[in-house]
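First chain written, first letter: the chains are A, B, C, D, E and F, and each begins at residue 1.
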Amino acid sequence: MRPSGRNLDEMRAISIETDVTRHAEGSCMIRCGDTHVLCTATLEARVPPFLKNSGLGWVTAEYGMLPRATHTRMRREAAAGKQSGRTQEIQRLIGRSLRAGIDRSALGERQITVDCDVIQADGGTRCAAITGGWVALRLAVNKLLKSGEIVTDPIVDHIAAVSCGIYAGQPILDLDYPEDSEAGTDGNFIMTGAGQVVELQASAEGATFSRDEFNELYGLAEKGIAELVKAQAAATS
Amino acid sequence: MRPSGRNLDEMRAISIETDVTRHAEGSCMIRCGDTHVLCTATLEARVPPFLKNSGLGWVTAEYGMLPRATHTRMRREAAAGKQSGRTQEIQRLIGRSLRAGIDRSALGERQITVDCDVIQADGGTRCAAITGGWVALRLAVNKLLKSGEIVTDPIVDHIAAVSCGIYAGQPILDLDYPEDSEAGTDGNFIMTGAGQVVELQASAEGATFSRDEFNELYGLAEKGIAELVKAQAAATS
Amino acid sequence: MRPSGRNLDEMRAISIETDVTRHAEGSCMIRCGDTHVLCTATLEARVPPFLKNSGLGWVTAEYGMLPRATHTRMRREAAAGKQSGRTQEIQRLIGRSLRAGIDRSALGERQITVDCDVIQADGGTRCAAITGGWVALRLAVNKLLKSGEIVTDPIVDHIAAVSCGIYAGQPILDLDYPEDSEAGTDGNFIMTGAGQVVELQASAEGATFSRDEFNELYGLAEKGIAELVKAQAAATS
Amino acid sequence: MRPSGRNLDEMRAISIETDVTRHAEGSCMIRCGDTHVLCTATLEARVPPFLKNSGLGWVTAEYGMLPRATHTRMRREAAAGKQSGRTQEIQRLIGRSLRAGIDRSALGERQITVDCDVIQADGGTRCAAITGGWVALRLAVNKLLKSGEIVTDPIVDHIAAVSCGIYAGQPILDLDYPEDSEAGTDGNFIMTGAGQVVELQASAEGATFSRDEFNELYGLAEKGIAELVKAQAAATS
Amino acid sequence: MRPSGRNLDEMRAISIETDVTRHAEGSCMIRCGDTHVLCTATLEARVPPFLKNSGLGWVTAEYGMLPRATHTRMRREAAAGKQSGRTQEIQRLIGRSLRAGIDRSALGERQITVDCDVIQADGGTRCAAITGGWVALRLAVNKLLKSGEIVTDPIVDHIAAVSCGIYAGQPILDLDYPEDSEAGTDGNFIMTGAGQVVELQASAEGATFSRDEFNELYGLAEKGIAELVKAQAAATS
Amino acid sequence: MRPSGRNLDEMRAISIETDVTRHAEGSCMIRCGDTHVLCTATLEARVPPFLKNSGLGWVTAEYGMLPRATHTRMRREAAAGKQSGRTQEIQRLIGRSLRAGIDRSALGERQITVDCDVIQADGGTRCAAITGGWVALRLAVNKLLKSGEIVTDPIVDHIAAVSCGIYAGQPILDLDYPEDSEAGTDGNFIMTGAGQVVELQASAEGATFSRDEFNELYGLAEKGIAELVKAQAAATS
């Protein structure tokens, strides 16, 4: 029934390749089916002005998409002279989500910038960016721990994200682009390894949805997050 | 226990004053406690290029905040030369929400732009903007119906929005600014008069939250939306 | 003869409502007929860099117009990404005018920012902004005096502004929009309570004007300013 | 008494050199003492969209200043990414002023763009730009008349501009930079060859001014304009 | 003697992997040592306005660098709100170079946009972008030929680029970043498969250079280009 | 054979008028035929942040073109809100070239900004800007030497630039606009008084070029540079 032929609760194949660029303190290429996102974590020994002398660190994120990551070429944001509202919304979400898994006091006055650049898009890029961004962050923090710059691990739990939605009247997990563009409802769940919610959001694109329908989406998301967390653990162990 | 002294499930006083400006096709000043938003609806006999000859109408929204709507003065976005990511995120949300209550085919090739300008802010401005924006939209559409320009009412249901959150460990309804700035979790629910969800979003600002906690927020939101819809109906009847 | 039915030297009804927003140190809603401008004064204990350690204070102004303050909706300047030349010209004028009524040495190293936002426009918005802006400034300074932060009143006189013009060959006072859009000559006079000029400007939109005609406009302006100063005094006493 | 050693009602030496660039349809270098402005008029067989099929022409102006036209180097506006409020105010004034001397119906659907670029500044650049801009405009229109493209001269009169002000308590004519930067009141008068006013503006920089003082400035301006008009006539005859 | 340990006339290892993204009409990842550039070619059935109805096609290029492609993170150009002068200079160069190898008449009224995004940088990114960009272009044109949309191959020859420079007084070929940052002279040669020059440029970073020295660089470049052309041929055969 | 009627190796008439503006520390108007560029050098007792406490000075350049310097009017870059890629490329080139002739240690922590503004364009504006820019720089440095602020002359040699190209199959020197717009190959050579190269660049606009052809261009450039250096010496002696 799904264009992808997957079962309603079936994720796309997940692959997380680490240490893919030589300069970044942490990096991975995450592939969720045909959605490929390059995530790098940059560590700097400084914090934004509002945190100076606070003893707290900062994690922030930026998101971009190569012009031909999509089916038809999109205008390069640098050429357009600004980031779209969508881009800003996504990168704010990634930053908030990753901060939820960090003890900023244990990190100390350091900033980690996670760049998530979509190399190829097929739906679910913001979720892949969060899931892969956490891996890059984890690897950068590992360097700090290994070098002895910090002693207590500031990462308190995994952070992963998955989409779900109502397609042709059926709740489905992990939408690809053809599914996403036809779905009546579209949601993103960002959760910890322990199953707590960091952020959830669901939006009716066409028909509105009921409390029961939302509960079904919630259940699917819990299943998907568990699989993603397992893949993160495998990639960073 | 709440800084406002309200009960956990108690809304702020709601007032919706209609026809407050002489030029707009529909307008209201919505006051949710000390949050005051001026909403105007502008009707135009044209649609964006992507809808030309589609037979469908369009509803879009813009959001702004006067520089001294807030406790300390904020920089004017026109002077800064761009709308912040927050502003863009909010106005995209308002537009999406209002479109969910419209039959765009019945509206025909017309565009309605809903401007929501915060005159005074005390938390919950995006929710007040949606609830008041719907009233401005309703009044503008009433003009079209009265003049006979359209025959079928394109508005299919009320759209209203309310915030809820977890404050000092307790789920509460309709956060004002002091509550919002201390809340561990913060959510916005946008629903129809029939109780269907248009969009919901919840975000952990500090501690993450569990499925049970989220369910409590959901119940509070249903109560708040019912009160807002009643106020909308009274203002536009 | 005037579209408004007023006598040639008759002002529109003036109303100045004070303390209309809870956050600003001074505020008013000034209504000159159907032109409504919300003016707020923000007090800050800092001055621009060029005044550091000078012992002098600063008064500056910003001007904006809600998109649907006008008959047809105007593009939001924040969305356009810049303030128009007209906006910049007006806010520079408001700032210069208000500074002319201030002893900046008595104010000390403080900055007062006066925001003038047009809620509804029907001609003469810049004059209403100056007249109302002075009221907001007066109220903010009163707070400083009351709290004992400053001892000498830095406000040396009222500042008010009125438009006049030549309409259908006749000099008239206080043009509304229909008059303004047809006037051959259009002028703005900004004066003190003592009748001294802070700034005057007159411009031929169609036919040029003679020295005699200008003198008639000058006389009308003196009459109008006297009425505005009286209204300011009533509102702030 | 004047820093320049001139009499109170004495203009700086005026020189207007015509046809100074080979590409423009009309051009001149106007020198008012040490203020040098290069003015070019560009003729195009098109009008802005709002005048299409109106039968009316358009005259518009742009103003710029070379970075080192001034005593200390100013940032290049192209590098800053925008024209300052001052620049926009000046170029709007030049355009309005020149349009006041044109019969746009006799010009027909053509646009003339007058560029005024300050090569060296010593006060009064906007006045020199208007006076020189008119010469460039006159020369460009002469070409149209000579070629027979238009038959009726659309230029109805000279347009010239001069500054005057109150310096050390004395009304003076044609302020240079040292005078301008110390003047208590500063005014610009834009008039026709017949002595009618196109626009006048006077502003108190320090002390406010009285009606009597303004009248003295008016008289000085009439004298200055007459001299400028004579120089324009000599340059274009 | 070279930091890289290479001989003076030794290129870095070249690898060109084709068809690396599923959406673009042509794509490759070119790796010149540790410099990795993703090149995609987008084919569109339209040309820029200045070529409408000319019968001629257009090839253009855009260049970007991921923020952490470099040793320390660079600010994202989309966030900065503009492309740097360096970026614009490079993308203009890539476009000019690729157009030199195309018969635009045989291409017909089509546009091919070549996007070159640096995934990892170690010197010579503009040269790698040109060499890889040609491969992406070749692959996209192959599709047009295969589908029969065009019959005559519009690609008239290979286009490849290589850097050379004077390092520690010695002419060397294909500089990596450590060599580039210390080189006294730095040049780029863009040539065809036949050894004709499309563009050459050499610049003294420290000491100036003589005609003899330049001639040595020229010889190195001819050797390097031959190797790159061979790699292009192997990748696209 | 040349549109200009010049011999293949004949330069246009060169004129360098010095001290043409009263504010700049050094200035000249350079005229290469009908290409006229005003060059000013501004001296400041500060360096960019990256050179603070380095003991080194800095020379930088900016380039602009008056809107009607060209045959048809070009949009003013300040109005467009940004400098074009071409402008940035040229001003970076001017700055690099002038720095090659300076001993930045002898200059000390001072910045000299060379502004090159094209008053009239007829091809070769970037070369005229470099040649004239060096004269302005020389004159500004002379002031420093004369005043005793610096003792060792930081200028180590002349810097001059000339264009050459292949027109109708023939190598020619110093292209004017009609020649430039038709040339198959276009090159710029920037050299010192001693004949060393600072930067050279050659680009095929139509047909590619061979090594022999390039060598002919090189010879022409050497002849042209010698003449320019002689003119610089005459103007500054």
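By definition in this document, a contact is a pair of C-beta atoms (placed from the backbone, for glycine too) under 8 Å apart; a residue touches a chain by one contact, two chains touch by 3 or more.
Just so it is clear, the structure is predicted and the values come from calculations on it, not from any experiment.
Participant: Since subunit B and subunit C are copies that touch, just let me know if over half of their interface numbering is common to both, same, or not, different.
Facilitator: same
Participant: When the C-alpha atoms of subunit E and subunit F are each averaged to a single point, how far apart are the two points in Å?
Facilitator: Each chain's C-alpha centroid was found; their separation is 28 Å.
Participant: What is the distance in Å between the mean C-alpha positions of subunit A and subunit C?
Facilitator: 51
Participant: Would you please write down the residue numbers of subunit A that are in contact with two or more other chains?
Facilitator: In subunit A, 81-82 touch at least two other chains.
Participant: Could you tell me which shape the graph of touching chains takes: line, ring, star, complete or other?
Facilitator: ring
Participant: Starting from subunit A and stepping next to subunit B, give every chain of the ring in the order they occur.
Facilitator: A, B, C, D, F, E
Participant: Touching residues of subunit E toward subunit A in the complex: what are they?
Facilitator: 21-24, 27, 34, 38, 40, 42, 44, 62, 64, 66-71, 73, 76-83, 87, 113, 115, 117, 119-120
Participant: Any idea which subunit B residues touch subunit A in the complex?
Facilitator: 82, 85-86, 88-89, 91-92, 96, 100, 191-192, 196-204, 208-211, 214, 218
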